[in-house]
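The following blocks contain the structures, represented as structure tokens.
One chain, subunit A, links the two complexes that follow: it is found with subunit B in the first and with subunit C in the second.
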Partner chain A sequence: MSETFKPQTFDQSAQTKQILCQVRNLTVSYKTRLGPVNAVDRVTFDIYSGEILGLVGESGSGKSTLGKALMRMHPPPTETTGQIIFKGEDIMKYDDDEMRDFRGRKVSMIFQDPMTSLNPVQRVDEHVVEAIQVHEPKTKTANALQRVSSLLERLGIAKRRLSSYPHHLSGGMRQRVMTGLGLVLNANLIIADEATTSLDVIVEAKLVDLLREIRDEFNVSILMISHNIALVAEIADRIAVMYAGQLVEIGSVYEVFDKPLHPYTKGLLKSIPNIRLDEGEELYKMPGEPPNLTRPPQACRFHPRCPERTSVSDKYEPPLIEASPGHWVKCWLYQDHPEKTNPTIKLDEE
Partner chain B sequence: MKRELTPETEVETGTTQVEQWQLDLDRVGFVRRMLLARKWYGGDWWFVVISAILLLGIIILGVFPQFFAPHDPRAEVGPSLLAPGQPPAGYYLILPDESTASELREVARSENDIGYIVGSPASQALREAIDVINEDAAETGERYQPRPRRYNTVEEGLAAVAAGEIDAFIASEGELTDQVETDPQLRNAGIIREAGAQGFFLGTNQLGQDVFSRIIWGTRIALIVGLSSAIVAFVIGVPLGLISGFVSGRFDRGLTLLMDSMYSFPGLILAIAIAAVLGAGIGNIIIAIAVLYIPTYFRIVRGQTLSVKEELYVEAARSLGTRPLTIIWRYIFPNVIPSVVIIFSVNVADAILTGTGLSFLGLGLPPDTPDWGIDLSRGQDYLRRAWWLITFPGLMVTLVTLSFSMLGESLSEILNPRLAEL
Partner chain C sequence: MERSKTLEEKYVSGNPDNLVEVRDLKKWFPVQQGFLDQFLAGHVDYVRAVDGVSFEIRRGEAFGLAGESGSGKTTIGRLVIGLEKPTEGIVRFDGIDLSTLEAEEMRKLRRRMQVIFQDPMASLNPRMTLGDTVMQGLKIHYPEKTAEHRDTAVTIMERVGLAPASYFFNKFPHQISGGQRQRVVIARALVTAPSLILADEPIAMADVSVRALLLELMVELKNELNLTYLFITHDLATAKYICDRIGILYLGKMVELADLKEVYSYPLHPYTQALLAAVPVPDPHKRRTVVMPEGEIPNPINPPSGCRFHPRCPYARDHCKVEEPILRELRPGHWVACDYAEEFLPK
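Then we have the complex of A and B:
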């Protein structure tokens, strides 16, 4: 498998490890009748500029909620707490106007369903012009179109397509338009929330290629939210794994795929369907069910399903530690605890 | 049992030829038949075309009534209660034979008595003739004002003339018998009003106004009331619904409560109450009806807004930093408006009906306005004698209301993509 994921630009981004966005203890808490539900629970990670960060996890693990929370898109009564430091500014302290200006100009988003993510009554060019005019209201329509014409061509949207309505376009085309909307204002970070999920594999591959080219060309960071691990392995530089609202492992795509540390990541990788699976060999099925977030398991949230559970897993919550350089994991297997009886695995740098 | 039969056996064994569509209809279940009927009703383009042509005609009538109405709707242009197409009758003056008078002027002093049949247009003819005489005599300062005497039949009246109880008798050609010729005591002194050559297309009302002209001018009032109140309700209800649905929270709950409580009133009762409080005038009628329909728009728009604002493209617009007002105006409003337009068309019909109802009850419009509701309410007093007074205004109300709702309903059926292919 290892030969499949070799992002060519990994080295380049490793050299220029300039931090774009620091997320610290980000918590998103939905108010429900059964009490607050922390869909994202004290998540901490960094996004470097010019990297593609893959965010994977099961359905309901809080991936999309995290993506939206980065733009503070959860209206009250949902509470978002913690810190998001974007280019040295804490956007949690922004007021509504500053936040509006931040959205689109600094961070933009591509959504899962291309069929519904464009306004059905607006033409493509109106979308693009509006994206510009929202932030620069004085821009004339003709100027705005001129500004974006080369970009749209770069994205493979022909000029004659500009006057089409969204329902005239194919799914892939619509996602390209959405991508274009994100790029017209030179956003630093594009959040692709399951952007390729509803496309067929060929269109998906094209879009993924396009995203990578865009990254190389415009030096934007891309947060790729997906449950398709194979796809993330193909495109991402680093990968973050979420489980039950918490970040359980984050590291470079090589390390996470070659030497997954967290038992959940191991299980996740084992359950990818493989064409080379032998006759009669069964696909790995992780035991148990994803936890109910209204009453998440105590301590380590994965312990009820964990095959490598330690003696303290059900008593204390492990912190997220850097087990090897650049490879963080939230698991007792790799750290000491006074009450722990299992041996701690030491990862030696080779 | 009948469902088992195939069309062929039905046609062969039956003595009479059965139409194919009847067979088709017979073989489908009740529910399916209803569905098919709805398809026939809604999907057929000619339904829309007919109502659209009707509406176009009605709107042209309402905009240019002066080109279509033959008379001034407020002027008394003929004898009262003239049936449609019937020319006005001529009226004769009957005198006793011994009388020396030869014309009306000589027997029209205030000490004279003039008789006519109860309820006959003859009284009007007499009044008009006297008016003419008075006008002529205005310079001399003389005043003609005969005392009226009413009789149930011509015979009674003529007998009274012959007996010398009254000085003259007025009757139309139709009322007169040949008694005048045969009875030596009576003398026909000639015509006091000429018979008209031409009648009125839809007759005249109790005041002698042309019913046809009043109906045509009434179109204008109906359209003004219907359209303006629907527009006022639209202009107020739609933005409120948009904002309420978009903002949600306490503001939304309060406004929804208010609108729902207004909606729960029986429509006409609320309109009567508001019109009674506001007083007379076409503007107040419009406001009263508009208030009635604001909740309709509010509820529809709010519901649609609630669902549209959850759409991904609204989310996407927010993620681009679009302002809430821009989102409402450019993303939600255009996606909500199609369903509102249909409501609008049906509402105009409703508003016309309510407006007519209000003026029927005597609320709002000045009594001499050429309005269908007023005509209906006046005309019902003469229902026995003059059917045309309420038939034609009522027909117009039905026609206009029908074509507006027909257009709205069939448009909604046609535009609704879920009903397109049944």
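Then we have the complex of A and C:
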């Protein structure tokens, strides 16, 4: 229940890591003919400086909607509520001008399909120069070009390619241009929304290597939104799992893969095809299908499919709690539920 | 260099164990260009989508074809079921050379080969009920048995998990979930009791939690109905759960062909090695350390000389730029098109 949630410092280890962005109770509500649909429902998490956070979920889980909401890219009548504190400022209070400056300069986005997100009649260098000059109108074109060519060279695009049009480039190359557009204004956070999904597996692997290098070199944070959990295991530091619009588990990628807590995460991890012959001989078959969000299940949204559901899973919604340091889960298995007669005694720690 | 027997030499005539035999198959698509360009160039350019591929599919097996986009895997699938006419080469289905068939004979043979496509929403008619969709094949192939159509359709729908069929029969595609839609497509393919199912990326669109169930269903149906699958995929991790044998394609050429377990344990072609290494493993403790090959899949209009993989191959030598390697059997049942593959044999 939302009232049981107390805003607090989100992660015990937060003292050591610097928080870049705090998301609190973020809700995105689409207006549909069947009434409002909360595609993202009271989601709370932090993004640290210089981390790669993988956001996974199935189609319809709200992961892309969440990514866009972080840049406030949902125009009315879609309603976005909650708080997004970015470097100490609440961007939900920004006006249009501040927002325009925020997008691109603080947060930038790499989309899934680079062919539809690049302008077909603009050359590669024009794209990047335009991005610079929109945000820094005083920059001379020559200076901008200088910056562009050294950056793109770093991303593996040769100088002679700068005057190419998008259709001259291969899919991987286009995605590198998109990445360059995201980096050129020194954004603090790059949101990669299924950025590698349309690429072939070898090209995808190379882009993943590139993203990791970029993080190390520029110390940007990357929010990697993907349905491909194996890919997130490959690159992310932390992983957040969404189900039916809600965040159900978040923690270090090692912890979540070694010891998943939420029954949905457990099932999900066991159902990923594994190419290694000695592993994952049998895939776990999760019963049912993801729910329709026009009428989500009551209380815990996973309870109709859950093999470990408790007696109260269909009555009360569990809050997201920190089950072990830095590892948060939204499930009654790890906390006292309202009907429990003898609550666990908590020891006061020194 | 001593060469072992090529695939062509080994199977000169049809083998009754094989449901499908493909010999030296080529499909070149002419590139659309203006009259003047063509006149000035003096020739027509071709996209060599499939450029000399041979393999056979044994009865009752699931044969996988894997490769990146542009490798020709989908075109081969369409050639095998006669949706495209080959530029050169032979496709034999159950011993019959497809190129010798008249349109009417081909249509009759089609009931024995059905297709499951990738996107169930795009391959279902949005204005047809699910029942009509499933019965469509029966109407076309068995018009004389109208009375039995409904029963046959209901049986097969319930078998693929659309139960009770009466609930689904009069629904439209948009009223059911993605996983159920893919089951309708499977039911539609099975209703004419085919021998061969061409499954072109059949579960690529399905979510992870639904995928395992669909895979299991396909394996069960194969064993129960004695089906043969031609399974086309770019996802090598999924192929592991369904395919018995697998062929790896690169730029319209078969580069490796063997039992799936053999290929995954001992990949002998440098391309296969890279492809397998690139697939992410769902375990953060086992992150990839191998460096990926340079560049991307080249233009199939003007493929590289010699071995088509040589510009990206970390082991390429001068020989590879000139001599085109022939697919040869290096271990029993394990075919590879690399002249230096001996170096990768397990010691």
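Definition applied: the second predicted complex is superposed on the first by the 314 of 350 C-alpha atoms of A that agree within 3 Å, B and C clash if a C-alpha of one lies under 4 Å from a C-alpha of the other, contacts with A are read in each partner's own complex, and residues count from 1 in each chain.
Note that contacts are C-beta pairs under 8 Å (C-beta built on N, C-alpha and C of every residue); 3 or more make two chains touch, one makes a residue touch a chain.
A quick note: this is a predicted structure, and the numbers were derived from the prediction, not measured.
Undergrad: Looking at the superposed three-chain arrangement on subunit A, would you call subunit B and subunit C a clash or a fit?
TA: fit
Undergrad: Should A:S271 be classified as contacting the first partner (subunit B), the second (subunit C), both, or neither?
TA: Once the two structures are laid over each other on A, A:S271 reaches subunit C alone.
Undergrad: Taking the superposition as given, does A:D216 touch the first partner, subunit B, the second, subunit C, both, or neither?
TA: neither
Undergrad: I'd like to know which partner A:R105 touches here: subunit B for first, subunit C for second, both or neither.
TA: It touches subunit B, and subunit C stays clear.
Undergrad: After the superposition on A, what does A:A233 contact: first (subunit B), second (subunit C), both or neither?
TA: Second partner only, subunit C.
Undergrad: Contacts for A:E136 in the overlay, against subunit B (first) and subunit C (second): which applies, first, second, both or neither?
TA: Neither: A:E136 stays clear of subunit B and subunit C.
Undergrad: If you stack the two complexes on chain A, which partner ends up touching A:V121: first (subunit B), second (subunit C), both, or neither?
TA: So A:V121 only meets subunit B here.
Undergrad: Could you tell me if A:D90 is touching subunit B, subunit C, both of them or neither one (first, second, both, neither)?
TA: neither
Undergrad: Who touches more of subunit A, subunit B or subunit C?
TA: Touching more of subunit A: C.
Undergrad: When the two complexes are placed on top of each other via chain A, what is the minimal CA separation of subunit B and subunit C in Å?
TA: Nearest C-alpha pair, subunit B versus subunit C: 7 Å apart.
Undergrad: After overlaying the two complexes on chain A, where does the subunit B footprint on subunit A coincide with the subunit C footprint?
TA: none
Undergrad: Please give the residue numbers of subunit A that touch subunit B in the complex, ascending.
TA: 71, 73, 99-105, 108-109, 111-113, 116-122, 130-131, 134-135, 178, 181
Undergrad: Quick check on the complex: what are the subunit C residues that touch subunit A?
TA: Going by the criterion above, the answer is residues 68-69, 177-180, 207-213, 215-216, 234-238, 240-241, 261, 264-265, 274-288, 292-293, 296-297.
Undergrad: Which subunit A residues qualify as touching subunit C in the complex?
TA: Interface residues on subunit A, with respect to subunit C: 58-59, 170-173, 200-206, 208-209, 227-231, 233-234, 236, 253-254, 257, 267-269, 271-277, 279-280, 283-286, 289-290.
Undergrad: Using the touch rule from the top, collect the residues of subunit B that touch subunit A in their complex.
TA: On the subunit B side, the touching residues are 311-313, 315-323, 326, 330-331, 334-335.
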